[in-house]
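Shared chain: subunit A. Partners: subunit B in the first complex, subunit C in the second.
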Partner chain A sequence: MTTIETQATAGTVPSGKRFFTLAGRYGTVAAFLALILFNVLFTPNFLSLQTLNVNLTQVATIVIVAAGMTLVIATGGIDLSVGSLMAIGGALAPMIFTGALFPVSSMPVAVALAFILPVIATALLGLFNGLLVTRFAIQPIIATLVLFIAGRGIAQVMTNGNLQVFRNEGFQFIALGRIAGIPAQVILMIVIAAIAWAAVRHTVFGRQVIAVGGNEKAARLTGIPVHRVKLLVYMISGALAGVAGLIVVARNSASDANLVGLGMELDAIAAVAVGGTLLTGGRANIMGTLIGALVIQLVRYTLLANGVPDAAALIVKAALILLAVFIQQRAGKP
Partner chain B sequence: MLLSMHGICKSFNGIPALRSASLEVGEAEVMALVGQNGAGKSTLIKILTGAYRRDEGSIAFAGEDVSFNMPAESQARGIATIYQEINLAPQRSVAENIYLSREPRRFGLIDRRAMREGAVAVLRTFNLEIDVDQPVAHFSAATRQMVAIARAVTQKARLVIMDEPTSSLDEREVAILFETIRTLKRAGVSVVFIGHRLDELYRICDSVTIMRDGKTVATGAMAEMPKLALVRHMLGKELAAFEAIAKDADEGAQRPVRLSVENAGAGVRVRNVSLTVREGEISGLAGLLGSGRTETANLIFGADRLERGEIRYKGQARSYRRPAEAIADGIGLVSEDRKVDGIIPDMSIRENMTLALLPKLARSGIVDRARQDEIVARYIAALGIKCTSPDQPIKELSGGNQQKVLLGRWLCTDPKLLIVDEPTRGIDIGAKAEILRLLRRLADEGLGVLMISSELEELLAAADRVTVLSDGTSVAVLPRRELSEAALFAAMAHQVE
Partner chain C sequence: MNAFRNTFALKSSGDMARLGVILALAGLILFGALRYENFLSQYNILSFLRYNSMFALIALGMAFVIMTGGIDLSVGGTAAMASVVAALLSPYHWAAGLFGGIAAGLAVGALNGFTVTVMRIQPFIATLATMLAAYGTALLLAGNQSVSVSYDSGFTAIGQDDFLGFPIPAWIALLVYFAGWLVLERLPVGRHVLAIGDGEATAALMGLKVRRTLAAVYTGSGALAGLAGVILASQFGAGQPTEGVGWELFAIASVVVGGTLLTGGSGSVGATLAGALLLAMVFNILNFENGLGWISLSAYWQSVIRGGFLLVVVVLQARLMSRGASEGRV
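Showing the complex of A and B:
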């Protein structure tokens, strides 16, 4: 019936609420800094280039996938298919440069195609997700469940369920190479995160993504091509999953359709949630997602480096997500 | 008397919604309950059913003083409510819905056969022969409504409240519904019928209760209440003193026509609408709730598809498939419901204001922030928007300031035609006058304005000409010099035969 409008000149805010507002805004950063401080004090050899590289290479694929996931979630959707799309991208690439798919005459061309074609393929599968969501108005969680299930099957059928083992220096540069001492995949992660961040902040597309998630009806009445925006975010999410798939198989010198990207959708969603992007849409915090992924990675690393088994680390990870979402909810309350 | 409610008062957060409202319904009587948006009809009904607690007043039902704490209690006493959005479980069968939570049992298990037979029997009393094993979702809106009524009957309801039951029905379905109401009446059941279409009320109701501003302002037998009097009671609040800022339409009669709508129609809400908007004029669009005003705006703007008739913009026939096409042509729409169709609550004033302009503010997809800031600053100043900074989320602004941001959203696109749907709803009186003056200034600069309003004083003060809609049909066009309260009342009460 009647709502009390908040005045333009904001009044005093109760201190409990202010705590949650602050925690909601800076909590993830604070947790990140606290984890680093803890490790500096208690984990042996934490402050070394090697530790940094280990953590960054492990988090790179999560950040890359989570960047796309952030955009999808910002429109009010979700993409469960990313892990399976990684498997497809990861299965396609070696088939191209080993000549299993079609004969290759020149290795540099084959390697180039091995980078490009899998990403195009997963982008098109992302487009398929987008079409289900827009044209057929299927709920995103169900629409992307289709490829979550079928995608890994497709990857297994393509490879007959076989493990593809390979050595290809050119292709594996994406995971093993270094530029100025920094792992190539870390650079790729930084570039992708930076582009996604700039896109959200400075492009028409970025503003439209947030408007669609914030109020789809109003967005349509403002002339925003709602369907096109959604198609694009699912395509981007698919393409980035493909890139992540390439990195994983290049790192392992092997492509196993059963394992590539397994559980990635949940890691990516967790990074987005911890990073402060509301799962209801209308916000896209790429920097938050980056830090969210780093926090999750650091928690795992901290526990492992201090002798806590991986299984227990999972429980802590889950608790962390719960805490992050709880704080955000309290902060978001009027 | 089956029901008598007297002196009902109710406030929300200190703001009165009901101020001594009353409602009396006799045995086997069909009572119309009418009033504008915000008159207090639904609050009164919710107090009766126990969804809200009253602050003051008395309720007597079937000769006893009652005070229901929750809807289940009133249901148990024989008061059934059928809402607009029918509360049935769409995927369950007709029979299951009719007996939901009161399933006939045998040895502790649900007796499906008894349930089915009972459902068939009760539906037959309404001349409805359908497969009761089918999910409710498979049937039309009218049939679903009848299932809801059948449910009420099996609950031995003595009073059935119907909230805008005909809003989504076509004429044939309305006839079926009315036959059902007559059947109920013959069985001694009373009905409270909340509706807006006057001809329907006169067809089915015995008496009428009219509410306005939280009070019951008139009651009487339907047949003895002339339409004109009914409309006057519904709308006739004291006219607020707006300075007259309208111009005589004669002055603008020579001006080029910017928009003309001829015999437009779509669905059941817009039947046959014609109107024109000239360059530099404020063309008013009036009508009672449910007369198809907003739907007409949506047709012009491409939010809904035109099915019949023609829309000409700047002399050319246009049928927009989506708002983006209308916007590209220079049309803007400030929609009726700010919260639902207007603001993006979490976005800043800056982003909300430039949302429609954004593609033009960008070079190769990148927003020109300097120009964006400049435009936003200009309109914040020009519209007098009170905010701490352009970065402030729009949800933190007052209603009037939100509305100004939304006006700014279109003004910065330099529109040629602006449709404003209830531009001053939920805004305090000072801001209202300010927004009307602003619209006038824009019209003077050449903008064509189509102003939809249910507030007569607004139309009287600002519109150069008013088209009146009734039941999805334009029934009158009143030029400025013929515009008066009485003329508007008369036009709105117009009966479509």
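Showing the complex of A and C:
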């Protein structure tokens, strides 16, 4: 039946296909607006500054990690290690400014180091992921699985599994501070998303990322340094995971290697998928990822605010991921 | 001709990897036997087999999935959910717990099969989603806490009792592995699984029922995870909705250590069992070493060592693969 119709209306797009194309392009935004409308109508006190702040601070770390994940996925890869790298970054920082790692003479220097060194460390671990993927030609799922398993263990071994509790205003500004009334982590999220968006849209590197994911062989033949591009995206993903780890421990005034970043790889991948970046690579939609993360956060908030248990929210999230990927793939097919 | 030599070269590298894991296992056992007094004691051997049977079961299902070129990340969540279902059903009859748990796992596996074959979603994202859903369902059914099993219906015998002086979970694992070997080596389905892993399009052109086979493989993996969940509930006396985190990684590592290529199209049931035993043995030896008192490695080292193991194996495998490919090309 459908084939006959398709032939009869040659030249126009079949309606089923058009639905998926439309849903793929505007589905996430539509879902986002629908969620807001629903909450305005049914959730008490939804339109308040506090609700906005809660949701934005919750979503900040997801967006930061998902921005790196978008680049990795755009090259046709995946990074499962982000949650564990968050734990490592989050474990390192307090060890630096409390002097557990090496003696600190001046606090401002120690705080600066506590920002810089963990991010460098996680970037290097990201580089390690990239080397496994490029030099050893190991599939990204498996290559990043190594640090997914070992990374949290490393963080736990470093801290002996103990909770590190601290109070350090300078360091905690990244999570608790406000600039012009806006939480610092939200500003950081916006800045990182904007840089990532500009990099994808307006730089050679961004074009190269898309080219590598679209057709690796063709990219290599046109002279794109495929290995270097891949190394760089895994490094960026690692560094951003480190930043997110810093925010989480600063927000909690404590670093728990068992919990920091747990399940983050899922949230980040889900944000990317819901945001319309094809999981097979060759496309990077940073704005989509931002909205995807907001949709996932809003779904969770909506369910919790209306008395649905957290466990049921997991099931809804699963269904959401499957639906989003399904629609994207249908829409992406030529 | 070229293609034939190509597969032949890959096969021989795969065989080398399989030989390697068996030698490593034998070496590890020898090391343990010489170094620790009670390593080969009846108590250690039986409790080792009793505890690790469930991981071996999950690894077998994972091996088949990986042979088709896919992956199943939902097994841990599935086992947790099945353990809750089994615990909830255990008061009625031990068989209700057993088959209810398996059926729960089967249902998740069937859902994986549906999303992978009909919705055509990549296996890792499809099974990642069902993992979330399985944990969610487990928590809902259990009311966010562990569910005690019934001690009157004989359900606990499944995980705790012996039969002919051998733990029942180990008997179950042995039977299932024999069945798995039969399927892979002696039945046409086994060839189909490997053919799909070599290339789905080619397999479809050869007239193989690709979708049906894939669906069956994912359903089987789910059912085995369900069985593992039943054993978990029975052995520890409770259905545990938050257990099973990281089990999928243990299973994947076992399969990879067992020489099964992650790209699919090749694999062995026996070497998967050896891989699972090898990884479990590492922790057994670690416990003994801690007991000697020379070193004291916290439990946290386990995941570091596990990851290190996986790293060594995948790097070796990548090396073997590239050599196999270049041999074929010459």
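Everything that follows uses one rule, which is that the second predicted complex is superposed on the first by the 324 of 334 C-alpha atoms of A that agree within 3 Å, B and C clash if a C-alpha of one lies under 4 Å from a C-alpha of the other, contacts with A are read in each partner's own complex, and residues count from 1 in each chain.
The rule is simple: a residue touches a chain if its C-beta (ideal position, glycine included) is under 8 Å from a C-beta of that chain, and two chains touch if they have at least 3 such contacts.
Everything numeric here is computed off the predicted structure, so don't read it as measured data.
J.: Please indicate which partner A:Ile210 is in contact with in the superposed arrangement: first for subunit B, second for subunit C, both, or neither.
T.: first
J.: For A:Gly161, select first, second, both or neither according to whether it touches subunit B, subunit C, the two together, or no partner.
T.: second
J.: I'd like to know which partner A:Ala311 touches here: subunit B for first, subunit C for second, both or neither.
T.: second
J.: Return the chain, subunit B or subunit C, that is in touch with more residues of subunit A.
T.: Of subunit B and subunit C, the partner in contact with more residues of subunit A is C.
J.: A:Ile269 in the overlay: touching subunit B, subunit C, both, or neither? Say first, second, both or neither.
T.: The second partner, subunit C, only.
J.: Under the touch definition given earlier, write down the residues of subunit A that touch subunit B in their complex.
T.: Residue positions touching the partner: 1-2, 4-10, 202-205, 207-208, 210-211, 214-215, 217-225, 282-283.
J.: How about subunit C: which of its residues touch subunit A in the complex?
T.: Subunit C reaches subunit A through residues 71, 115, 119-122, 124-126, 128-133, 135-140, 144, 246, 249, 252-253, 256, 262-263, 298, 300-308, 310-311, 314-315, 318-319, 321-322.
J.: Across the complex, what residues on subunit B touch subunit A?
T.: These residues of subunit B touch subunit A: 12-13, 15, 17, 43, 301, 303, 322-324, 326-328, 333, 335, 340-347, 351, 355-356, 358-359, 361-362, 365-367, 369, 386-388, 392, 395-399, 401, 409.
J.: Touching residues of subunit A toward subunit C in the complex: what are they?
T.: Residues 78, 132, 136-139, 141-143, 145-154, 156-157, 160-161, 266, 269, 273, 279-280, 309-315, 317-319, 321-322, 325-326, 329 of subunit A touch subunit C in their complex.
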